């Protein structure tokens, strides 16, 4: 009712967002292919060998962007969750559920590549470093959200319960991060300080940024394609989806 | 006065009812009809604020019940399929705690009186889990005798009651209507609710859509 | 308001005390988990003293999660939860009452028994004292945070495990500071800083958790 007053809300209707997402997906897909292609080339062939860490350090070009994206996507989800709870928009819950698998994937990727980095650098696959531990907890939060969503059959309840869980999680994240950091400094003996980022080469920095934008594009391409599926599934009873199907069938015949 | 405008409720994929509008004024009873799955329970739960309708508005004396929230909760009593009776508590404890939380505490004497009136004489201080189905139902319905809420929302109140209890409950409802109360109920039983204003409202039929 | 709170607490305490088997099994779960560790690790007192804070705390966390599954479940099943939602009382207040009662019957026994379990691990009396204080501050926070998860997973299949999955990551700070305080005092560093942090966490969860749990209950009952 009130949504007509604010033009911005136009895109929060799944019927208008569906074609918009459809137009955006190819852009993000090609953006991701291009940026990740260039980024990977730079990280393997152009970026100089690190004088301390040798060739193995190159994994940070995927590790760091993945870690950033996993945190960024959780914040994006929290934003959508808050919008969904306050304005009761259908699209926001669809966005949170379409972002979650990608976020979880990046969190997992960050941990996986972290382990691969840790083995040659620290001599062990896993170190209870504050950042690694926080990343692990972030992965748990993603998995919890996905598990909750998948065990609730009623979509309305699932949407709102998921939103509450994300918001509770987002309030907790700083506390968790802070406590893990404290815990980590208390047990200083077993950890090794990370180094390298302060004295970063310019080429390395540019490569890292390109990789980050590549991951960002990838995240949005997958999230938007996924949200299109979710929209169709959720809105299959509505007339606009019926019309869309008829149009598609007409084109196919 | 309870006003319902253009109400729609969706359960899963199915729209149970839409564009439902009616009003319920003082001294009126609405008898809600509909086949199984037509959304009677959903409508009753929406009307007492347990469930948020997909579209439309519910107004109590001109104000949305979503805004009134606790104020509205004080004006309505809901008795659903599940009676909300704790098996571990005795009948009198159940009644007193419910009244206390409803904001109209009763004395133990008043509680005993209400239970006796509803036909639970001698069962007042037994844990309700040892009572029969119909007796448990009576414990739940005893709240109607002690409440001050003007709006009663009753989902199948006559189920599991014997003949005497049905007649007695009818009397209670009729008195409430005569006192300018409001009642919304569903029932499959033939009941005689002649005194006061009785209106029939049918769910399903033209509103029904799969 | 106090009267309402008291009514809810009294109601839940009465129910819990009339059905004591739940409480006792919860307490024994805690005792057994703590007693299993020496069997798995070996009886060297040196090692046991080192792991005692962590073991007791993790066991307390697991026992709380296990018990929390039932905090709203029986009210949900018999319909009294929807009646609570329909009372003219603020729902977060009723939730606080339920959590308080739940903590009194599941949390407090854990706290009381913990010194005896600490003795099994050869902890000194100073450390035992700190252990009790941390559990006293920490277990209500666990109940508060866990109530959110219990409300979200109400009536779902596999609710208990799911609740643990959702809530445990959120309880990590409580675990860290709780076990940390005991450890710090065992190594002679003094755990006051940790205790202040735990008190802060308790206050924050006391403010926010009932609101979140109340919102979650409304969603789950619908």
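We call the chains A, B and C, going by the order they appear; numbering starts again at 1 in every chain.
Keep this in mind: contacts are C-beta pairs under 8 Å (C-beta built on N, C-alpha and C of every residue); 3 or more make two chains touch, one makes a residue touch a chain.
These figures come from a predicted structure and were not determined experimentally.
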Centroid comparison with chain A (C-alpha atoms), farthest chain: B
Chain ID, smallest distance between chain and overall C-alpha centroids: C
Computed distance of Cα centres, chain C from chain B, in Å: 37
Whole-Å gap between the CA centroids of chain A and chain B: 47
Between chain A and chain C, centroid-to-centroid distance (C-alpha), Å: 32
Where chain C touches two or more other chains, by residue: 222
Set of chain A residues in contact with two or more other chains: 156
Chain C-touching residues of chain B, taken from the complex the two chains share: 45, 48-52, 70-71, 73-74, 76-78, 80-89, 93, 97-98, 100-103, 127
Residues on chain C engaged by chain A in the complex (per definition of touch): 148, 152-153, 156-158, 162, 165-166, 168-170, 172-173, 176-177, 180, 184, 197, 201, 204, 208, 212, 215-216, 219-220, 222
Residues of chain C defined as touching chain B within the complex: 3-4, 7-8, 11, 14-15, 18-19, 74-75, 77-90, 94, 221-222
Contact footprint of chain C on chain A as seen in their complex: 137, 140-141, 143-144, 147-148, 151-152, 156-157, 160-161, 164-165, 167-169, 171-172, 175-176, 178-180, 182-183, 186
